[in-house]
Amino acid sequence: MTPEGRQKAYFRLIENKIDALVVIGGNGTFTGALKFDQEHDFPIVGLPGTIDNDLYGTDYTIGFDTAVNTVVDAADKIRDTATSHDRLFFIEVMGRDSGFIALRCGIAVGAEFVLVPETKTYIENMTRLLKHDIRKNKTSGIVIVAEGDDEGGATEVARKVKEQMPEVDTRVTILGHIQRGGSPSAYDRILASGLGAEAVYALLDGKRGVMVGYVDKQTQLTPFSEAISSKKELNTRLLELARILAL
Amino acid sequence: MTPEGRQKAYFRLIENKIDALVVIGGNGTFTGALKFDQEHDFPIVGLPGTIDNDLYGTDYTIGFDTAVNTVVDAADKIRDTATSHDRLFFIEVMGRDSGFIALRCGIAVGAEFVLVPETKTYIENMTRLLKHDIRKNKTSGIVIVAEGDDEGGATEVARKVKEQMPEVDTRVTILGHIQRGGSPSAYDRILASGLGAEAVYALLDGKRGVMVGYVDKQTQLTPFSEAISSKKELNTRLLELARILAL
Amino acid sequence: MTPEGRQKAYFRLIENKIDALVVIGGNGTFTGALKFDQEHDFPIVGLPGTIDNDLYGTDYTIGFDTAVNTVVDAADKIRDTATSHDRLFFIEVMGRDSGFIALRCGIAVGAEFVLVPETKTYIENMTRLLKHDIRKNKTSGIVIVAEGDDEGGATEVARKVKEQMPEVDTRVTILGHIQRGGSPSAYDRILASGLGAEAVYALLDGKRGVMVGYVDKQTQLTPFSEAISSKKELNTRLLELARILAL
Amino acid sequence: MTPEGRQKAYFRLIENKIDALVVIGGNGTFTGALKFDQEHDFPIVGLPGTIDNDLYGTDYTIGFDTAVNTVVDAADKIRDTATSHDRLFFIEVMGRDSGFIALRCGIAVGAEFVLVPETKTYIENMTRLLKHDIRKNKTSGIVIVAEGDDEGGATEVARKVKEQMPEVDTRVTILGHIQRGGSPSAYDRILASGLGAEAVYALLDGKRGVMVGYVDKQTQLTPFSEAISSKKELNTRLLELARILAL
């Protein structure tokens, strides 16, 4: 994190006859890698490793599929009881600036609502539709809330909904760091294995200062500076799909 | 829940030539069963079905082992990240009046602290020990909090700890109804199958108004009135074991 | 399966005012759908649903990711013991004509060998390399065998290896239909939800007699006749990756 | 395994100022521990660690609950497809000399038959009952076979059944070493933690040459010689329960 720290790290690498680095992480990692290369002229290639999937230059980040499966498992267990009582469940998932986990999880479990930072949340619209659901005898529901939603996390959103629907029993689950652990899914392992091999090929090929990703099954190299400054957009088709499935 | 409701239910049973009932649940279920038998002279036998394990007259309740495994899976995932950062994780588990889930989970995951409703919680003692851990270079920790702890749930406890240890990063996970769902563990299935058979034998044997449990592998029949009014004590050996393992 | 059966089915559809069908399956299902449409002029759209992933016209089939995760979980459990004993484990996975499951699983678990129907298996080459591993003090190994490999299933392959390496302890696991069940992975749910919506859009758009797939995130419609007669090739990059990882 | 090896081990222990050992395992481990103590006068206490649960002197062995849960998960996945086709599934589980895993798993999944080494298997009785099931329109079934059954493993039993019921589609799953791995269940962790603490108390208390177990929640010390020579009987109530549930 400091010039002195990087100096030390550089000497350690030279001592051990390491002549290139493959780093895994997100914007912070790539920013550090850029500085390191500027200061010490050292070849570094990056792999996209963040559970949020919000990195530009790759369809999927390593860790994302595992996190989504963890959330889906949790939501399935809640659905087991959600279908037998008159309740609204609010599940808070990770995503300070992005709704990738929330959105995919919402589709996978058929959530009644998915609240993401990328789109404005209207509590009144939501409660109106939830009241409509209840009149249709849909007796329970699941709302997935990305932690960075503009109306707040799950506790805050549940409180606001309860104000307008005092007759409903609201329950909150906050998954927290559960989403960061666990055995990696098959998809993540294969993605990481493939990108790891591509990173080595890129270095052998003289490439540096780039993040390796897959876009439409093709290997894509994105300069760190571009990976850091660009933002991957939420898939609007998935947003629409989430709405259709909730009807 | 009302005399009229029970009257209706009785007629329905008679119509369908059902001459005995096996009910599964906790104190509420058994209280209702008692009333039903008093009002309609109908043989009922009960099975202990609550995830909290706090029913008198049985070593284990149906659902408890599944809930504990769910909590342990979640805590394992948190431990994956807990060992790599300088943080305190507070995991809130079910247990308004009892710490069975918290205690067993705490032992299973080697939690630094387990806070249960049955024993007084001293925040200052806890933070003193946690600070000691940090000085010993133990860089992270997990605290299991039963929702009914006298110092509050995980959010409240984390806030109080943070006041006294502002340098520490605290994170809260609230599992909520995840603990009530999921595919039953092998132990719970075998327990339920065995008790179900015992309930039928008890009815055939003319027994009624009793809960069927296993104590030390022996079938035990406990009158509903006794099951409702008595309380199962937390195993003090387990409490001690949790403390030893956290050292 | 018979013209009479299809006639009956047609009447049932008409009676219930159903004017289009979405079917899910593989070659058999699509062949039946083609005949049904020819005989009764009825619009049908298909979804690719087979765990083998060998359908042309889509990157992934519904069920494939779940099956691969199931196999990986099983292989992980074997790896737990494989690393502590001097043994060769042969795990037979599904795939009569295709090695998609075997290959992806092999990469995900770092198998020493992956035997697939698409490439010729040379037992002697394999045993020579395995002996080399043993001399290098690699004390155990996992070989993934697709059931349709040209040298036979796992039991047969293990027998042939044992003939040439009698000093090694060989163990066989045959996963069988475990691979066809279980709760669907997040990936499969989202894939199925998306393709389901696309199938409805295709029907509304007047399309029929086609399978809906995703290729490079784009919706692709493949006529049933083409889906049936074409074959999806095993990804050669993945084959190479499996070999690199096993070194 | 040899006197020289044990001599070496003894010096290593002395060098490291270790003055007592806690070993975990089954008959082989305890036999070795006995010899070691006889040759070197060294205090050893044992914990029952075998997935088969066939050790005398404890209700449960460490690892058994995890293995049973693994088998139940696998059988559940097979049941998913078993209920949709006309098939008989034979699942081979561990147990060369004992049917504990097979029996508990059979009850947990409601298997049609459980074949264990402790009781004689009559293939003809079984096929007669299976034919009866089919006439009752029960369209599929699961048979759990302990590997040490007197009629052979699952492959052999399936072959014999197929001879008498050629019209039925038989499928075999052999779980093998999957049963020995995986993350331990909550029950196993708590059991191991408790017995581990008891082993230390026993050593502090001057005990040696004994296995520590729990019988009816009470700590029980069994001399190694007795643990080795005695056999735990299969619970006949469970055998009967398995039969009742299969009706």
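Each chain carries a letter (A, B, C and D) given by its place in the written order, and its residues are counted from 1.
We take it that a contact is a pair of C-beta atoms (placed from the backbone, for glycine too) under 8 Å apart; a residue touches a chain by one contact, two chains touch by 3 or more.
All figures in this text were calculated on a predicted structure; none of them were measured in a lab.
Colleague: Could you give the separation in Å between the centres of chain B and chain C, each centre being the mean of its C-alpha atoms?
Modeller: So the centre of chain B lies 42 Å away from the centre of chain C.
Colleague: Between chain A and chain C, what distance separates the C-alpha centroids? Give it in angstrom.
Modeller: 28
Colleague: Specify, in ascending order, the residues of chain D that touch 2 or more different other chains.
Modeller: In chain D, 76 touch at least two other chains.
Colleague: For the protein chains shown, what form does their contact graph take: line, ring, star, complete or other?
Modeller: Here the contact pattern is a ring, one closed loop where every chain has two partners.
Colleague: Which pairs of chains touch each other in this structure?
Modeller: Pairwise, the chains that meet the contact rule are A-B, A-C, B-D, C-D.
Colleague: Would you pull the chain A residues touching chain B in the complex into a rising list?
Modeller: So the residues of chain A touching chain B come out as 70, 74, 76-82, 89, 155, 171-182.
Colleague: Within the complex, which stretch of chain A touches chain C?
Modeller: Those in contact with chain C are residues 59, 65, 68-69, 71-73, 76, 104-105, 107-109, 183, 185-187, 189-190, 193-194, 197, 216-217, 237-238, 241, 244-245.
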